[in-house]
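Written below as structure tokens is the structure these notes are about.
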């Protein structure tokens, strides 16, 4: 009986495993190999360059800038996405009749096609003809150009990213909040827990631990993958201030065809993603246990 | 006590409404501009209501001058195709991971967890090279193949199947049902909520995907909504923002309408991606 | 009575009918035999590519033209073509920008993926060639002496201006400045008179190619590359151009915004003077609507002897290796370069016609009479210089040059330092 089940199990898993080899493991191995060669798309001869690309990456001003921009972007978006999502979820959770309305409105940006909405944002942020600059001018802040000013462009892209992400996190937190049993709050009240802040710190926040961890990790990974808004709105400009890792990767791999170099860059990106996921899982896990 | 309740409720609403306005503003602006005649598009902040209803011309222009209709058809084909293949491969694998002991099960699950950290942009380059070698670029196959594997789906369904009662499965086995039958006739129908939720998640992700189609699509015949939207924007050069906003509305409409129609399923789908 | 004869005749008739029936679709198939896969850049150019293709198909029923998703600009088209060469996805016919044609030809010729048009032109006869094309025009499509491209669209930069703003700035709309000092001064006066407007906008910080930047250097007598292929814009012409770039912002009332945004702002009366391709005349006229009487003027050229302007535009090249398709493609390319097609293209845009006959009374003569704005480009046809290319890393070089220009125009970098950095980066990228 167990033999039959084991065979069936292997048989069921085999196709998916084959796909993993073809679509995940195989490509990663190819990337590793490519990253130590000087292959350019269409080249006839290929040479081994060892870790040359990796060394060149960290000397490459464009790559370093992209790395910096991406980290800045994540640093900007992450707190807003996580705590903003949590805050909105807490407020919405308390509503009864208007809850559906808020759920819908906050979730709209998540379902929308970002390319289309980015085009809308492009119009709205037009320095002289868009409503946002008109609003700024009316408030006395004339001359603010959110997309063309190298100091502001990355922040603007980050705000749009936040706009798109926050509803998603809100829904996750709402689910997490719904899973907290009422009696815990009653127990806390009996224990002498006072107002809202106290209940939050004693009951809500610790029990949201797993949700918070999940939200943080997915938000981080999503932020690292920022591409659509850059491709649609700024193409990396102005002055390279919005060139993020993925965009530079796209340019190197699919526009300039420096395949070996792009492969090395991809490995670095993957390394960052894995490290970040592990760190976050560990850190939040520990905090959840101690809380 | 009641006054404090009222005050906090008011504050709540104030904050939520302010946020809601920010969330909804682009949609409202998009819709407003899409019914506006070209001469009124700029400087419209202070005249919110257009003097002339130009919706028909704008949406007409968006439909006829852009590649959107074709692209949306392709989008539907690609999304449904991807979903079908994903379910076909992920459900049995998830069942096996959850319910059947076989050699290498833990390794496979480890691979699944690893795969969760790897976005499509990572294997994109080798996959592109492989498809190019095979002469399969710019085809439906190229658009769908990389997504046949869904580690996320495998993870999700495994979680679901783990909580499926073993007794039911044992009873079915005693009745003489083979594992294959059990997966498709018993487990899958029971997993319908998870499948529905996953389907929505998958369709939304692939309808909106820009990166991969940008790389593999060259002909207009294989365009998908994000590409058609970009192409139309480049064509319009600001000459007709009304039509451009109409195109944006059309591109994002199917999902938004779907969301309104199946809101519970959408939200449950997203929720199920969360931790248990 | 059925005799043997009638039996045979009947069968023969039936057999003939059957064979004819089988052959008929074959005949039809032979007639709609060829489909040409065509790629061009600038999606807004569909407004003339499409009608030209339709007119061509009507005149040549056996040939169908199918357009690929147009590339956003010449650089992205170039990348798509290079990618296509390596993945066997080249279109049958494409229209590369003049500055990318040499690199494209250099890459494709060794692989026999681009067709030499000289034999085909010769087959048409010398009379045809002389009547339709000037040697200067044909030279635009030549790479190292080989005629790879048939010039399709040609242009040189012009000024577009708003006569009302010019008047408010104390200038004379009928006498547009013919020196850059004059342009900057006029821009400053416009800005002073209308503080919310931009005086003059020379948007090399966001233009989709380096064409306008090359123009600034070439008009001062400089060249981007020397005869030895080395970077040559580090001299006085380059210095002057860099200083001028900064002056637009510092004195001329220019703000640094995107290229589309610039055209939109000009169209809504927010900028006094812009410089752009005459190819955009149709688009800009549409943006202006009826807000003000749009006018154009020739590009100021400082160096009267050596100065010129780079010829923008594109040429038709044939990439397919299939004999039947090559024949069809040549018909299409010939048609595109012919007077009817050129008339359509020029009327839709403002490009210079590449065909001599097209300027005649049967085609564009009356149109030029009715559209004086289009004449500015034609007036500087004798100042056309090649649009220079940097080889394989052209698009990357353009991105880096644009960053330097933006930094200089913002005032973050002094012009001489900016020029030095641009020379250094361009040289480095040309090598690898």
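In this document, chain identifiers A, B and C correspond to the written order of the chains, with residue numbering beginning at 1 in each.
Keep this in mind: contacts are C-beta pairs under 8 Å (C-beta built on N, C-alpha and C of every residue); 3 or more make two chains touch, one makes a residue touch a chain.
As the structure is a computational prediction, the values presented were derived from the model and not from experiment.
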Query = A-B versus A-C: which has more C-beta pairs touching?
reply = A-B
Ask   = Greatest Cα-centroid separation from subunit A: which chain?
value = C
Query = What whole-Å value do you get for the distance between subunit A and subunit C if each is reduced to the mean of its CA atoms?
reply = 40
Ask   = For subunit A and subunit B, what's the span in angstrom between their mean Cα positions?
value = 16
Key: Two or more partner chains touched - positions in subunit C   = 86, 261, 264, 268
Touching two or more other chains - residue numbers and ranges from subunit B = 42-43, 230
Request  = Spell out, as numbers or ranges, the residues of subunit A touching 2 or more other chains.
outcome  = 41, 129, 254
Contact footprint of subunit B on subunit A as seen in their complex = 1-2, 4-10, 12-13, 15-17, 19-20, 22-28, 30-31, 34, 41, 88, 91-92, 94-95, 98, 100, 102-117, 119-121, 123-124, 129, 131, 134-135, 163, 166-168, 171-172, 174-176, 210-211, 213-214, 218, 221, 225, 227-228, 231-232, 246, 249-250, 253-254, 259, 262-263, 266, 269-270, 273-274, 277
Query = For subunit C, which residues are in contact with subunit A within the complex?
reply = 76, 79, 82-83, 85-86, 205-206, 255-258, 261, 264-265, 268, 270, 393, 395-396, 399, 402-403, 406-407, 410
Query = Okay, in this complex, where on subunit C does subunit B touch?
reply = 37, 42-44, 46, 67-70, 72, 80, 84, 86-89, 260-261, 263-264, 267-268, 283, 286-287, 289
Inquiry  = For a test of understanding, state which residues of subunit B touch subunit C in their complex under the given definition.
reply    = 38-39, 42-43, 67, 132, 135, 137-138, 217-220, 223, 227, 230-232, 234-239
Query = subunit C touches which residues of subunit A in the complex?
reply = 41-42, 126-129, 145, 147-148, 150, 236-240, 254-257
